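My structure is below; once you've seen it, I'll send some questions.
By letter and in written order, the chains are A, B, C, D and E; residue numbering begins at 1 in each of them.
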Amino acid sequence: MQKIGVFVCHCGTNIAGTVNIDEVVENAKHEPGVKYVAEYPYMCSEAGQSMVQKAIDEHDLSGIVISACSPRMHETTFRRAAARTKLNPFMLEMANIREQCSWVHKDKEEATNKAHALTRAAIAKVHHNTPLFPGESPVTKRALVIGGGIAGVSCALDIAEAGFVVDIVESTPSIGGKMAQLDKTFPTLDCSACILTPKMVDAQFHENINIHTYSEIESVEGFVGDFTITIRKKARSVDMKKCTGCGACYDKCPIKKIPGEFDEGLGMRTAIYTPFAQAIPNVPVIDREHCLKFKTGKCGLCETVCAPDAIDFEQEDELITEKYGAVIIATGITPISLDKFGEYAYTSPDVITSLEFERMTNAAGPTKGELIRISDKKKPKSITFIQCVGSRDVAVRSKTYCSKICCMYTAKHAMLVKDKYPDIEVNVFYIDVRTPGKNFDEFYRRAVEEYGVNYIKGQVGKVVDNGDSLWIQAVDMLDNKQIKTKTDLIVLATAIEPVKSVRNIAGMLSASIDTNNFMTEAHPKLKPVESPTAGVFLAGACQGPKDIPETVAGAGATAAKVIGLLAKDKLITNPCIADLDPYYCNGCSACEKVCPYGAISYEDTEINDHGKKAIRRIAVINKALCQGCGACVVTCPSGAMDLLGFSNRQITAEVDAICR
Amino acid sequence: MHIQNDYADQIRLISGSQDLKCMKCGRCSASCPQYEEMDVRPHQFVSYLQRGDIDALMDCESIWKCLSCFACVERCPRDVKPARLIEAARLLRIRRQSDDEFITPEQVPALLELDPDIPQQLLASVFRKYVK
Amino acid sequence: MIQKQMQERAKQMLSLGEVTCVLGWKKGDFSTNPQPAVFESEKDLEDLVYDKYCAANLSKYLVELTKKEGKVLVFLKPCDTYSFNQLLKENLIKKERSYIIGIGCEGNMQVDDDMQEIGLLEKCQTCTKTAHMVFDELIGEELTVRQGDDPFEGVLNLEQMSSDERYGFWREELSKCIRCNACRNVCPACNCRKCVFDNNKYDTAQKVNASSFEEQMFHIIRAYHVAGRCTDCGECSRVCPQLIDLHLLNRKFIKDINEFYGEFQAGADTDTPSPLTDFNIDTDPEPGSVHKRG
Amino acid sequence: MPLNPNSSFTPLIVAFCCNWCSYAGADLAGTSRLNYPAQIKIIKVPCSCRIDPMFVLRAFQKGADGVILCGCHPGDCHYSTGNYYARRRITLFFSMLEYLGIEKERTHLEWVSAAEGNKFASTMRKFTEQIHALGKNERLEDIR
Amino acid sequence: MVFSYYPGCTLKTQAKELDRLARNSAKVLGIILEEVEDWQCCGAVYPLGTDEIATKLASVRVLKEAAKKGQPLVTLCAACTHVIKRVNDDMKNNGDIRRKVNKYMEEEADYKGETEVLHLIEVINKYIGFDKLKEYVKNPLTGRKIGAYYGCMLLRPSSVMAFDDPENPTIFEKFIKALGADPVIYPYRNECCGGYISLKEKDRVKEMVATIKENAKHNGAEQLITACPLCLYNLKQISCRDLNIDYLTEILAEALGITYNSEEEVSYAYSK
């Protein structure tokens, strides 16, 4: 029989305000096996914890129940406290009487009764708890960063500086990401390329960093500290070692009219190409879908002109398998598709997204920084910016969240236009202007006050392309007037969303993802750069809309967490894992089939069957791989398989206690 | 503000619309083909309802001006559906007092004599819209 | 006559040392209740019988028999081969230690308490298993395909009842149970080393007939534990001394599995994953959407 | 709570929640102070695939009037595939319970993410109402 | 293919020629339109109020008739399509309305929105396909520049109507192309023509129609087709020499080369 101590927390008035603590204490005293009951205003405080520790020693307690907040909040705290005594920390359970009781019920009597029932269930469970001992697993001192944008690059640099090897996997032919496409950055208006490219070069030449561009994650195995990841390096058709980056190949390439991804389709590229001048690595790639050689077998001009003989039409995808201790997801965002926004006439060449506008105002962009209407190459006399296109919108085509960066970049765009061409009329239709951030509101006000950008509170209902100009029907809500006017160029502040591939990547890493495909943090406030899956970390806008400073700051935080992990030689593993009673196992293999981690195998094992030795084919659990989900336990009809910490008896005892 | 009174609740019931979802973006008014004709504008329907000023809504001209073209419904980013609100106000109005002076069945033959091309559909809609 | 052929072939194999024993049926106390038996000598084989009363599924006996050295000659009717495959899939019998002679079957007869024949067994009335799924050789005529009753008719009838009627039906049926464990012992899928109902891990180890709930729990969980593995051999209903239609539980799972996850026949092969150790991300229905429609 | 002629009836409802999504969703309902009936009592399991049909029966046996199971949304399982197995098991098992004459409204499976505090609370409210309307469960209760 | 057919008030009276053209064209395409017995007017305006059912009953009766035969329900008028589709959606997805209506109708089988409601153009798209339609064309309308006027009721609200992209629809353009003509896309093709206010506010309707027509002409249209008798009426309220307004079935019949044997079948009085 256990000797159980029950500790009931008031949590100030958080619990005590709704739950009659005295009654919970009194009731707990009468539960079987309960030897000691105490209450305290803040059990998680230093004093509260010592109280628990003291009681364990003084009353020789073998099991502890803490009736307080959610175990997700403080189970670790209390188990650590218990570990400082002679008690095994896994002899402690929590009853969640705050989040799942006092905070959700108003009636004091009901809440008190429930607090009692939950405490009772925890006591019943503890009766069947057994001491558990965590195992150890090794840490591979190498990190993998998925995504070579500003988040991935700066995170990789920080980790590499700490002395660990980092590999970056980037799906496009160059690192740099969305930031490389931008012209100026808010609120300082410094040139994006000027601050990004030095970092890219640093990453390229850092002895601890390996960059795999034009590559994707093929498969993931393993777990924190010990991932085995296979990377598919797609065939570039150009030998990275031989290429000097001279550019003769793309100068000669006869296929010149492919809408360039980097220029958002506004500029054209060749079939063999580097996405942009400062690309890293500065090695072209052949787009096999468009290349004549691949389509028809004829051509091969690039091969002819390539002096170092780097062109390799035969090149095949290469699979690289490597071990990593930590993985960082930094896959970033992309603008949403505007196919379903017919009312904004996006099909018109003179209606563009903000990212297209970035390319257009960029001196290295398709128009060499000149602002023109794509349709007739004329300079626009008036530009209309429409904000919140697809953001804060519950329709299927849209995103319900605020994309966060649009207010600021629209102010930036408006300002850039006015700065270069003071004669152009600039109108911005907005719902709200959101500018929290250092020097952000000042920046927006400058657009209005110094540059004369016309901000109109209202939205555009319909855009009509008349050929020579665009016609809009909109509303000015402050004037309560409908506006029907002509404009020459429309820029849509398009909502951003995570890149599509992140779902697959998250799936392979079993990291969770929210309904918008943004990565979920282990805790939104306290663990903001970790995914709930151990060893998988997050950086940049894959977590949610972020601007550049926020992304870089976050990437630094991610790096710190990764360094903290890689600095360890061994990891302590979760002891709540599957546990087999070999005597009962009949070797049917059902558990093996459902294990998501491949942690179960079957071996002929010598079994002691009532004193008789017998060789039987039974399940064997790999304790480092098992994550403790319990799929095998329920699959096993005989109950040979059980789960430590959530055993059949423990859960049954909880059910019984609750239903009493 | 979210005033509750009988009429306001009735509008909420009839329309099935959630006025609190509105974020005052104005896309309804920007889309409305009858905006200029209206005294109370589509984006204001919501404010009237939130204020509980249903009498004013029932007495406004807009209830006869809305064409039920559903442009606002289609484009509303918050699923508030202003057309449903104004339709609910119109229903309340004609339930209280049908606008018999607008059209009566007796007038139909004369109308048809004037313009024999008038489709039945037009008459049917008009009766649905104006008469109890 | 097929029995003769079986005896001859068995004797031959024993004498040549190709098998060490033979698993078949021998005459029981009455002419209508032959019993499963292991024959180890040619002389013993004189007692081997095969007739329309040899309903017992011999597959499960192989679990123990194939643990021993040597090779077992086993006679399997078409339906029994499904159980054989299923046990093979669960690594419970060793194929290399068995030699299967598939034998023809024209349906088995049910007998009453007075050992009088009272017509085809339920499992034979609704038989769909007319071919051997696995065998080393065949003896006897190819079967004529029987036009059986719809095996799911009974389940359908129950499904169409009201909740109260269904509850009434099952309360009536299951309260007859005396927990003799005959169903468990005969069932080829009930092959746990120790049944969970004899295991104190769940606190479900049970006394006989303590309350009606115990029987409900036992039969529901037993049906659930064999779901996706039950080949619908019908032995549970056949051996039940209380004549409980236990197959109605198993067939409900089979019917649901077929409807929700696509047609599946346990024991048809040894590699198709069991529906309960498999899933389909896109097409698996939610519990809410499959609740009896209409 | 809807009025019920049998207003003295206080249902007993056991909720099994997976640790990663639904239990966290329940916590979020708490931090957001979203009310739901106190008759809901939650048992934490690591994953919906840890829920053994035995537990459900056990709850009914011991007098529960309803059992609700919650897990991560399909595709979001912390253990990547646990809830897919759970979905099959629970689908079949619930269907069996209904077949045995246990009202289907007494059992429910809901996918609740860690972000769906609102959904958790409203699901629990709805389920409690449902059980309230059904009244006491006596069909599987062990009445010894 | 046999479909239940709901002609609606206008196509049964003033515009009965259009109805006849539709039936004859359908026949050529192998579509049999069986007129629903004892149908009543759908009301021409979808009753938005969620608290009354009387105005939805006519639609439900028609839907039930089609459901009994297990046929999709086809209409030729955008307003009918709109009203019946939306009522059907209510019956499918709004439990409250479904309960009330079924209770009121007191018939044995409850109706739960089983019937598929389609405009004739959707039937052609879904059950024949425009590629196939091309094969039936005898007199291709080569060189004709035809714009489609969609109006409101077929497109919106798209969540219920599920007719086409509500802002950038293309179904009629595909139809026009299949008949051999050049479709003209113009931005105003989904703007309202004024609808029912034309009885009392004809001037306003004329303004609105003028904008639409100008926009169509600006984009090169020489002829407009509609799928709604009221749109047709309204669009004709201002005359425009170089922009003919026709019903979709008229160009369909023309392209299919439907010949008129009797006086009865050749009346173009309404449409020209």
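As a working rule, a contact is a pair of C-beta atoms (placed from the backbone, for glycine too) under 8 Å apart; a residue touches a chain by one contact, two chains touch by 3 or more.
Computed from a predicted model, the values in this text were never measured in an experiment.
A.B. asks: Moving only between chains that touch, what is the shortest number of steps from subunit B to subunit D?
C.D. replies: 2
A.B. asks: If you tally the C-beta contacts for C-D and for A-B, which one comes out higher?
C.D. replies: Top pair by contacting C-beta pairs is C-D.
A.B. asks: Compute the distance, rounded to whole Å, between the mean C-alpha positions of subunit C and subunit E.
C.D. replies: It comes to 61 Å between the two C-alpha centres.
A.B. asks: Averaging only over C-alpha atoms, locate the centres of subunit A and subunit B and give their separation in whole Å.
C.D. replies: The computed centroid separation for subunit A versus subunit B comes out at 46 Å.
A.B. asks: Compute the distance, rounded to whole Å, between the mean C-alpha positions of subunit B and subunit E.
C.D. replies: Taking the mean C-alpha position of each chain, the two centres sit 24 Å apart.
A.B. asks: Report, in whole Å, the distance between the mean C-alpha point of subunit A and the mean C-alpha point of subunit D.
C.D. replies: Subunit A and subunit D have C-alpha centres separated by 30 Å.
A.B. asks: What positions in subunit B touch 2 or more of the other chains?
C.D. replies: Only 71 qualify.
A.B. asks: Residues of subunit D touching 2+ other chains?
C.D. replies: In subunit D, residues 53-54, 58, 75, 81, 85, 89 touch at least two other chains, as defined above.
A.B. asks: What residues in subunit A touch two or more of the other chains?
C.D. replies: 343, 462, 594, 635, 648, 652
A.B. asks: Chain pairs in touch?
C.D. replies: So, checking each combination of chains, I get A-B, A-C, A-D, A-E, B-E, C-D as the touching pairs.
A.B. asks: Within their complex, state which residues of subunit A touch subunit E.
C.D. replies: So the residues of subunit A in touch with subunit E come to 340-343, 345, 347, 462-466.
A.B. asks: What residues on subunit A touch subunit D, complex-wise?
C.D. replies: Residues in contact with subunit D: 70-73, 96, 98-101, 103-107, 110-111, 113-114, 117-118, 121, 507, 510, 512-515, 520, 532-533, 576, 594, 596-597, 627-631, 633-635, 643, 646, 648, 651-652, 654-656, 658-660.
A.B. asks: Mind listing the subunit C positions that touch subunit A in their complex?
C.D. replies: Interface residues on the subunit C side: 90-92, 191-196, 199, 201-203, 225-226, 273-274, 276-278.
A.B. asks: Inside the complex, what are the residues of subunit B that reach subunit E?
C.D. replies: 10, 13-16, 33, 37, 64-65, 67-71, 73-74, 83-84, 87-88, 91, 102-103, 111, 117-126, 128-129
A.B. asks: Could you list, by residue number, the parts of subunit C that touch subunit D in their complex?
C.D. replies: Touch residues, subunit C against subunit D: 155, 158-159, 163-171, 196, 202, 204, 210-211, 213, 216-217, 220-221, 223-224, 227, 249, 252-253, 256-257, 260-261, 275-279, 281, 284-288, 290-292.
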